[in-house]
Each structure stands twice: as C-alpha cells, then as structure tokens.
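Below, each structure is written out as structure tokens.
Look at the two complexes coming up: chain A is in both, with chain B in one and chain C in the other.
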Partner chain A sequence: MKAKEFYAEHRRLLLGFFSVISLLAAWELLLTYLFPLNPFFFTKPSLIAEAFKEQVRGPKLWHDLAISSRAFLWGFSFAVVIGIPVGLIMGWRRRVEYTLDPFLTALYASPLVAVAPLFIIAFGVGVLGKAALVFLLSVFPFIFNAFAGVKSTDRLLIDVIRSFGGSEKDLYLKVILPSTIPYIVAGARLAVGRGLVGIIVGEFYAASEGIGFAISQAGDTYRLPDMFVGILILSVIAVVLTELMRKLELTLAPWRASEEVRS
Partner chain B sequence: MKVKSLYTEHEPFILGTGFIIVLLMAWESIPLWYSLPKGMALFFTTPSKITAAFYELLLNGEIEKHFYISAIAFLAGLGLSIAVGLPAGLIIGRSSTLEALLDPYVTAFNATPRIVLLPLLILWFGIGIWSKIVIVFAGAVFPLLINTYAGVKNVNRVLVNVVRSFGANEWQLMKIVVLPNSLPYIIAGLRLAIGRAILGVVVGEFFGSSQGLGYMIASAATNYKVDVVFVGVAIFMALSVILTFAVKYVESRLASWRPETAKTF
Partner chain C sequence: MTPFIQARNITLVFKSKTREPVTALSNFSLEVGRGEFVSIVGPSGCGKSTFLNILLGLLRPEAGEMRLNGTPIAGPSQERAMVFQEFGLLPWRTVRANVELGLELKGIPSAERSQRAAELIKLVGLQGFERHYPHELSGGMKQRVGLARALATEPEVLLMDEPFAALDAQTRDLMQAELLQIWGRTKKTVLFVTHSIEEAAYLSDRVIVMTARPGRTKDVLKIQLARPRDYEMRLTAEFNEIKSRIWEVLKEELTPESRI
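Right after this comes the complex of A and B.
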C-alpha cells in the first residue's frame, strides 16, 4: 500500500527516470550484444561515461568552458545593459516606439545568426567576435520584453505617482521598472537560448578553443564519445540556465505561470 | 495645417520608415565623410553596393540556384516536423503516462540549442541535403510539439465531458473538440517553428553544405565579399519577416479572442 501511494505521488518523476534509464540500458545492451559497434559512426553510454571521466580530470574541458562562458557573459551583460533601457524607453515614449519598432521587429524576426561569418572574420576568433554575436542575438528578447512590460503597466499606479507629485524618475524606478521585471526575466530565458546559439555557431565557424570548438573538433576527428560528452555538458548547462530563469520567473510573478507555454 | 494633421494621422508609419531610411542613408554616406583605415575597409560595404551585388547575382542566376537548394531543405524539414510534432503533441497531451515518459527528453532537447547536434548530423548524414533537413527538423519540431501539447492541455474540460457523454470515442473527441481548440496554439507554434527552421537552414548550410544561401554567405565571408554576405543576410531577413507576419496575420484572425500578452518569437 505504501509503495502504491509513493508511486501515485511521484508518478511523473518515476516514469521519467524509468524511461531515461531504460533508454540508456537498451542503447548499451543493443550495441554490446546485438549489433557490432562501428566506433566511427556511433557510440554507447559506457564509452561516453569513460570519456566524460577522462575529460573532467583533464584541464582542457574546464579551459574550454571558461573561454566560452567568458564570451557568453560579456555578450549577455551588454545585452542586459543596453536591451532593458531601450525597451523601457520604447515602452514609455510613444514617438520612440514608432521610430524603433519596425526596424527592431524586422531584426528580431530575422535569423541574425546569418551575419556570424562576417562577425567572426571582422572581430576575430577570440572573445570579441563571439561576444558581439551573443549580444546581437540576445539583446532583442530584452528589448521587446521590457517594452511589453512597460506597455502592461497598471495605468492606475502611474496616475497615483503623478497625483502625488512624483517625478519622472520616481515613475521609472517605483512603478515601471518593478512591474516590468517579470517580463524581463521571461525575456532572459529566451535570451539564454539565443545567446548559446551565438556561442556555438561562432565556435563552430572558427575558433581554437571553447566548448563549441571542442564538439566540432571531436566530430572532425571521429571521436564520438568526446563529442557526446560535449553535447551533454552543453545541454545540461542549457537546461540548468533555462530552469533557473523559469524558477525566477515563477517566484517573481506567479500569476504569469500559465503564460509561459506560449514562448 | 493640412500637412500637420496628415502627419499626426500617419505618425507611426512616417517615423518608422523614416528611421530606416535615415539609417540606410547614414550608412551609405559613411565613406563620404570618413575614410576608413585599410583593415576596416575590407569589412565595409554600403547599401548601394549591396543592391548592385544583388542585381548581379540575380541576373547570373546565382541567387536562384542557392535559393532553390535552401528552400527544399526548409520545406522538407518543416514538413517533416509538422508531420511528427503535431500528432506527437496531440498524443502526449492526451496521455499523462506518455507525457511523463517523454518529458525528460522534450525538456532537455527544447532547452538545448539543437545546432549543437550539427557536427554529429554531418557525420551521420554527410554534407548534403539530409543533414540540413534533419537539423531543420530538429529545430522546428519542438515548438510545434510543445505548443500543440499546451493547446490540448488547455482544452475546456466541460466540452470534453459533454462530447464524451454523448458517446464520442477518442478519435471523434480529437476531431470535434481538441483539434479546433488547440489550433491557435498550433499556429503560434508554427510561427516559432518557421524561425527555428530558417535558423537551421542558415547554420546547416554554413557548415554542412556546398550549396544554398547559407553557403553563399559563408563562402563570400571567407573571400571578403562583404556585399554578397549582406545580400544573403537581406534575403534571409526578408523571407523571415514575410513568413512571420503571414503567420501572425493568420494567428490574429484565428485567435482574436485570445489576449496577446507579450511579444514572443
């Protein structure tokens, strides 16, 4: 009876766990006993685990991660610092909105990653080129979500501040910014994904270090276990960052929880 | 007086297009008032040169050739992702067991930029159309699946119960209630999927192709033909904007009763 209750309570988690474990087991067993493994074409979990152990011990993986995260953080920080004010002003000043909206919307809708080769060639394979790419890709969610946040600010609150003689600065700091924060965090979640695309594409295109470079190099030299380790690490980072933003979003604005599925 | 009222009436349009025109003119005039150092000049081009390059490439059939290749990869990948993502989303939305079983993979794949799989796909499918189709598919399938799923989850329970009470089976339920109710979500998913699919085409052709618009951009960049790079970028931009707004239009027609809350692409 206890077991049944436990199952009912944690059904989702147990089933998810079960499905991952059985997939890994099936993958390993099939390639060990049923089909001969062609190591240049495919790999199996035990080999990936071995490669993982080796990479974690060595310095190269950590170095690559440090290089990639530096470029990511630079680009992302600039996106925050520039994107949020632009979005706030666009939301608050109607003429600014009219002026910038068509231009920025067109840029946001287009695959800006297409300029990656140009950026890398112009700014170099180092931090600058990749950071510029990350910035370009991740600035738009900040702009447009800050913009949408301002637009949905409660008029009543604005009127109250105005009636009590609050200055323009009060308006921004006490009403607009706070009520925009949940939107900005939602934007940050989108921006993380786009920023990662920037890093990966930049490093695939041309680099001599970094996690994306490690993955593409492992592919070029048919080291499949190493490639899977890189992909796995990147996907863990992506999931952790995304879930972190989602948690933050839920804490800051629980009422918007139902809205998130649309993005 | 007349002019002023005309202005106020069309202010958004005038300011919006005016800004783009001013921006282009400023870009065009940079070489006139500032002589770029040699190193910079290599990466610099102007709108007029880009337009000239566009005409040239259009006349010698280069664009047409690359466009055709890209379009096939785009359509095949997107078609495949609709064929898989839609039914999968419907089924996962209706079965909580399947949902729990597949959730870890959907979450992980959706959070991870699928671009990272490209070296693996090139290894498996070689440099050619197939690795591109698969990367487009991998990019586009998750927004479709997740939005379809969300639509199914959002279906009104009362409607489901009514149809059930009148003896409908699962298939009829799907057709009468679930599918029409999830349609707005599916269209929203399609809009996201188109963006991802174009991204897949671009990046797939950067690395895993010897033809297509993405290849054209990448090879022009390596040869410092900056104007050709911008021609490619502009074509991708135009296509994305047109497709996105076409779907948005359909979306607004279908879902005029659903409030738009945040601008999300």
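Right after this comes the complex of A and C.
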C-alpha cells in the first residue's frame, strides 16, 4: 500500500527516471555483449562517463564553456534589447509593421545558418562573429512574440486607460507591455534554442576554442566519447536555460502563474 | 437653467471598409439633472453603449452636441468614469492597484492613492482582498473593483454599461442594492445602460426607452417610487405596474428574434 502511494505521488519523476536509465542500460549492454562494435565508430555510456570525468577535471572544458557563454550572452542580450522594442512598436504602429514585415518574414523563414560564412567574414572568428550569429538567430522570436502579444492586447483595457485620460506612454507601460510579457517569455524559450544553434554553427564553421569547436574537433579525430560529453553538456545547458525562462514567467507574470496552477 | 448633462441631436455612424456603414445613433437627445439616476433601455444594438462612450469621450459624434455642466465634451476627463460590463480590470494588478489606476493616471502621489484606494475598497466591501488578483475573484467581486476604480477619481458622472449583465441573478440583486446605497451616499449622477426592465425600474429616477437602430429616444418614464428602495419593493403591485409600463413601450421596438 505504501509503495503504491509513493508511486502515485511521484509517478512523473519515477517513470521519467526509469525510461532514461533503461535506455542507457540497453545502449551499454547492446554494445558490450550483443554487438561489440569498433569503439572507433561507436561508443557507449561507460566510455562517455569516463571521458566526462576526465574533462571535468581539466581546464579545457571550462575554458571552452566560458568562451561560448560569453558569445551567447552578448548575442542574446542584444536580441532582447533590440527584439522586444521592435516587436512592440511593430504591433502598435501599422506603418512600422507593413514596412518591416517583408524583411522579417523572409529572414524568419529562411535557414539563417546559411549566412554564417558571411557573418564570420564580416565580424571575424572571435566573440563578435559568434555573438552576431546568436543575435541574428535569437532576435526573431522576440520580435514576433512581442508583436503577437501587442496584437492580442485586450481592446477593453486600452479603452479603460484612455477613459481615465491615460497617454500613449501609459498605454505602453500599463497595458501593452504587461499583457505582452507572457508572449515575450515564450519567445525567449524559443530564442534560447536558436541562440545555441548560432553558437555551435559559428564554432563549427570557424573557431579555435569554444564548446562547438570542441565537439567538432572530437568528431574530426574520432574521439566519440569526448564528442558526446560536449553534446550532453549542451543539452543540459539548453534544458536549464529553458526552465529558467519558465521560472522567469512565473515571477514576471504571477497572474498567469496562478492560472496555470489552478487549471 | 441648463441641465447638467445635455445631449442634443447626437448622430453617430460607424464606418467600416468591409461592411455597410451603420448608424448607431440618430438625432438622439437627452437631458439629465445633477445627482439624477437615469437608466437607458432599448433593443440590442440601439446605440445605448455608444451613447455612453460618447459621453465618456472615447467616441466623437458626427453631428450634435454633448455638454456637461454647459461645457462641450472634448475627450475623456476626470469628471466622468465608466464601469464596464466585462469589468476591464488589469489582470496583472492586484485589487488595490486596479482601484488606484485612475488616480495613478491622474498623477496623484502614492500615499494619497493608497489612502483613497483603502477607503473605496471598504466602501465596496472588499477589505481583506486588497492583494488578490482579478482571476482570484468572483464576478461580483470583480465588478466591485470596477466600481471602486471608477469612484476613486471622484467623478461627478458615473457611467455604467450593463455593469451587472455578466453576473448571476443573486449577485446581481445584491450588487443593485449596494449600488443604490453607494449612490445614496456619494450623490453621483448615474447613467445606467441595461437590458433588464426590472433593474432599470428598481434603480432609476427616470428610464429612457430607446428605439431600435438607429437609436432615438422613444419615451421617457419617471419612476415615482419612494427612496430608499429595498428588495421588498420589487414585489409590490406598484412596481409591477411600472415594469409593465416600460415593457409596453419597449416591446414595439423589439424585433421578432429578440421577442422569443
């Protein structure tokens, strides 16, 4: 009876944990006993764990992470600072919307990774080039979500502000921006993923340090365990950042937070 | 003597790119005395709400004149405040912050704002809910916040656009009684738009019955019930008499669909 209750209470966590463990165990067992394939082309969890232990001890991993983070933070910060106001103004001013729309639609739809070489040529192989790529990839979710947020602003609330004699500035600060925040945070979650792609592509393409460079170098030299360490670290970072954005939404939009909890 | 609110020959046409223009109001005239409680009833789409929005200053009529205390209305102002049917509360603001909204937009300092908000929250009976968000409140409580917010800026005219239409019947009865009490205490001029004949009869000094679109005044009925009024009054023959008088006027304007 006790075990049943425990299971019912932690079902989500238990099942998730179980599925991950099973996958890793299956992977390990298959490659150890059933198909002992060439470790040069295939790797398994125990080897990855070993490589991980090794890398955590050395300075290179931390250096690479620091390099990549710096480029990411610069690019992402600019995406926030530029993307949100542009989206807000586009949503509120028809003229701005119609003027910018063709560029934004085209840029958002195309695989922007294609312009990576151009950016590296223009901005160099250092932090600047990578930050520019991160910016280019992550600015669009901010623009489009801020835009969509403004468009979905309740007309009634606009009338309320106007009826009390509120100015244009009041409309922005007291209604449009707050009602857009949940949209912006949702955009930030998308932007995190796209920004990480920017970093990795930049470092794959031209770099001498950074986590993307480490992955690509490990791949080039057939060090599969090292490569997987890089990939795993990246996914952990992606998950942590995305979760942070969710927490941010709960802090910035408590009225929505409690709605979610209730439903 | 000029009346407190004077609407003369107001005409307003809604133009749209995709549809035929709609004449919401045509030569609508109305006079309201200071401190009077006037209800407007009429078929759906007759321009009742449009009239309130013109009076509020959010809409401009094509023709006609709207004066408050002899001065033409040019836009929103502190003298008038609206209580909206769908409440219009800002979901990211607590009850207190919502009540303070109008004061904030007027640039009243924070200390005075919170004092005024506290008084009004007490007036509408929401003490203890100052820190709640709108989604944590029932419909009736939301509209109390809407009423407190409108009263906070100390308007002379309170405009109410079907304020209790979104509430259940019992809450509605309760809110009507409280509105009468608050009105008795604050002596505002109230313009009250409603679909409910009973509500109009119970609350008002006068009931304006409007024609179907384009809206004009069809008839004006004086409600001679003594004040203060209470719920029992609604069970009297006299009250029913008044209701049926309003109904007699109104029913000629109702289209077959709305009669069902």
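What we mean here is this: the second predicted complex is superposed on the first by the 243 of 263 C-alpha atoms of A that agree within 3 Å, B and C clash if a C-alpha of one lies under 4 Å from a C-alpha of the other, contacts with A are read in each partner's own complex, and residues count from 1 in each chain.
What we mean here is this: a residue touches a chain if its C-beta (ideal position, glycine included) is under 8 Å from a C-beta of that chain, and two chains touch if they have at least 3 such contacts.
Bear in mind that the values here come from a model prediction, so they are computed numbers and not experimental data.
Chemist: For A:164, select first, second, both or neither according to whether it touches chain B, chain C, the two together, or no partner.
Modeler: Once the two structures are laid over each other on A, A:164 reaches chain C alone.
Chemist: In the superposed arrangement, does A:175 touch chain B (first), chain C (second), both or neither?
Modeler: Second partner only, chain C.
Chemist: I want to verify the contact counts: of chain B and chain C, which reaches more residues of chain A?
Modeler: Of chain B and chain C, more residues of chain A lie in contact with B.
Chemist: Quick check for you: in the superposed arrangement, does A:81 touch first (chain B), second (chain C), both or neither?
Modeler: A:81: touches no partner chain.
Chemist: According to the stated criteria, A:156 is in contact with first (chain B), second (chain C), both, or neither; which is it?
Modeler: second
Chemist: Classify the contacts of A:238 with the two partner chains as first (chain B alone), second (chain C alone), both, or neither.
Modeler: first
Chemist: Just to be sure I read the superposition right, which of the two partners does A:26 touch: chain B = first, chain C = second, or both, or neither?
Modeler: It touches nothing on chain B or chain C.
Chemist: Enumerate the residues of chain A that count as touching chain B in its complex and touching chain C in the other.
Modeler: The answer is residues 259 of chain A.
Chemist: Show which residues of chain C lie in contact with chain A when the two form their complex.
Modeler: Checking each residue of chain C against chain A gives 56-58, 75-78, 81-82, 84, 86, 88, 90-92, 101-102, 104-106, 133-136, 153.
Chemist: If you look only at chain B, which of its residues touch chain A in the complex?
Modeler: 11-12, 15-20, 23, 43, 97, 100-105, 107-109, 111-113, 115-120, 122-124, 146-147, 150, 185, 188, 195, 198-199, 202-203, 206-207, 214, 217-218, 221-222, 224, 226, 229, 232-233, 236-237, 240-241, 244-245, 261-265
Chemist: In the complex, go through chain A and note every residue touching chain B.
Modeler: 11-12, 15-20, 41, 95, 98-103, 106-111, 113-118, 120-122, 140, 144-145, 147-149, 152, 183, 186, 190, 193, 196-197, 200-201, 204-205, 212, 215-216, 218-220, 222, 224, 227, 230-231, 234-235, 238-239, 241-243, 259, 261-263
Chemist: Which residues of chain A touch chain C in their complex?
Modeler: Residues 156-157, 159-166, 170, 174-175, 178-179, 181, 253-255, 258-259 of chain A touch chain C in their complex.
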